[in-house]
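Once you've had a glance at the structure underneath, I'll fire off some questions.
Each chain gets a letter, A, B, C and D, in the order it is written, and its residues are counted from 1.
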Amino acid sequence: MQIAVIGSGAQWTDQAEEVGRLLGERGCVVVCGGLGEVMEAAARGAKSAGGTTVGILPGETTRDANPWIDYAVATGTGHARNLAVVASCEAAVAVGGRWGTLAEVAYARLLGRPVVVLGPGPGAEGDGIEHADTPADAVELALDLVGRR
Amino acid sequence: MQIAVIGSGAQWTDQAEEVGRLLGERGCVVVCGGLGEVMEAAARGAKSAGGTTVGILPGETTRDANPWIDYAVATGTGHARNLAVVASCEAAVAVGGRWGTLAEVAYARLLGRPVVVLGPGPGAEGDGIEHADTPADAVELALDLVGRR
Amino acid sequence: MQIAVIGSGAQWTDQAEEVGRLLGERGCVVVCGGLGEVMEAAARGAKSAGGTTVGILPGETTRDANPWIDYAVATGTGHARNLAVVASCEAAVAVGGRWGTLAEVAYARLLGRPVVVLGPGPGAEGDGIEHADTPADAVELALDLVGRR
Amino acid sequence: MQIAVIGSGAQWTDQAEEVGRLLGERGCVVVCGGLGEVMEAAARGAKSAGGTTVGILPGETTRDANPWIDYAVATGTGHARNLAVVASCEAAVAVGGRWGTLAEVAYARLLGRPVVVLGPGPGAEGDGIEHADTPADAVELALDLVGRR
């Protein structure tokens, strides 16, 4: 099962790494945007638990991927790769984040994917968006929401 | 000057048409997603004032454009066309709308374009997003924000 | 009717300008990639005949458009805008060009749009690709192929 | 190392499967468009050799992937995913194919990736495009071209 970890902000990397680690432990493939901060921390966490990571990049080469990405896809379509990140998951966990993350949350809901927000998040509310207080709660909730679909 | 009108919802078409009409009167090119409801109403309003309209479509043919579109661009990239709509404007006016509109607002802010929300809007708040109570206020505010950039 | 002029190469700008001029005289909207060389020459030609031009850009701002573009669409999706250029036309005229133009010719044929190649072109052959020796022949052939569809 | 196998045509599936198998044996990750015919055969071949496969899909869900895809990316951007397929590889092997494959070959060369064509191919010639007579020759040549870059 592919679960996306989305978000941004250097202050959120510890939480993102823990989310990635827990997803890796549960046997989920962590999908992310493949670059730094939250994306890199989530991938590092997944690898620390023996998990697998897929990075979906905005640019035209896989060399932009952070070192914890196992399989990198270079979309070449800039910020439109945000659509690909959430289209490629069963559910998304948002850790921090601002406008780019908000676009991902919006696309996730447009495509019917559930979203769990850890922390204040990018500011979207509505049907299919739930909140969690800890990485463990976020991961449990995300997996639970996928199971209920 | 190209101004985007974004949004969705049949209940918002009267407001969208008035926004389009006022933008057309002011000599602005109305850019929109080229399809129905808010997009069609905004384009119809612009044409009623002698304005010009550009529709940026998700599909692979310009034949999907509503009848009020002067120049249609078929991106062929599905919901990624939402990025193109706001990248092609100096400012965006959101009328109604839900997840697709939220993605457009998020992308607009990611790219530094000001957004004026008429009505409850898609639920995004933050720097660069302002609210208006009437179509006239929305259009004035949008033009004012472009002038201040 | 929207006709795309595609291609590249500084040595082809005179021919591209003449293609643009003839399309403008015929009342066609010239669609192109909005940047320099062949794209700019075709747009300049169209404007010299009182025509209208649409530029479909790879970047995130319409400010990249050449000065002869009337309506600019910033797709934000890099080379994927080549798909948008040909999806937005009824037929394409290729003037010069190499790999980017070849991608456009391929997409045009994938979507069923006829292509007229002026000069050696980007090297594609097959059903729906025809050759012309002069700008006048290229424009006549393109309009004829659209009429036959 | 990620190598793309591109192409189409039911008559080419045996050759594509052999290309996939040989790439899997060599430890390469096979990247493809994730759907049927040549894409499915290449992925099946890679899996038969214990290799790993990445499918880059045009649609909005990973459920469209053929059964031999290990990691699926749903780009949501239609034919623009052809850009992602070749941007995500070090080299591409084309087996059969027509317009969609030609777009991929063109994008591969635009981005500087070498292409090896097995069989008649989609019709592109030029610097960086080489031909092979057998799947074994195609795989050796592709790996050799990557090494020389």
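As a working rule, a contact is a pair of C-beta atoms (placed from the backbone, for glycine too) under 8 Å apart; a residue touches a chain by one contact, two chains touch by 3 or more.
Computed from a prediction, not measured in an experiment: that's the story for all the values here.
Of the two chain pairs examined here, A-D and B-D, it is A-D that is joined by more C-beta pairs in contact. If you average the Cα atoms of subunit A and of subunit D, the two centres end up 27 Å apart. Averaged C-alpha coordinates put the centre of subunit B at 40 Å from the centre of subunit D. Shared contact sites, meaning residues of subunit A that touch two or more other chains, fall at 60, 76-80, 83, 107.
The touch graph of the protein chains shown is complete.
On the subunit A side of its complex with subunit B, the touching residues are 77-80, 83, 98-100, 102-103, 105-107, 109-110, 122-126. Against subunit A, the residues of subunit D that register as touching in their complex are 2, 29, 31, 52, 54, 56, 59-62, 71-77, 80, 83-84, 87-88, 107, 111.
Those residues of subunit B that touch subunit D in the complex are listed here as 60, 76-80.
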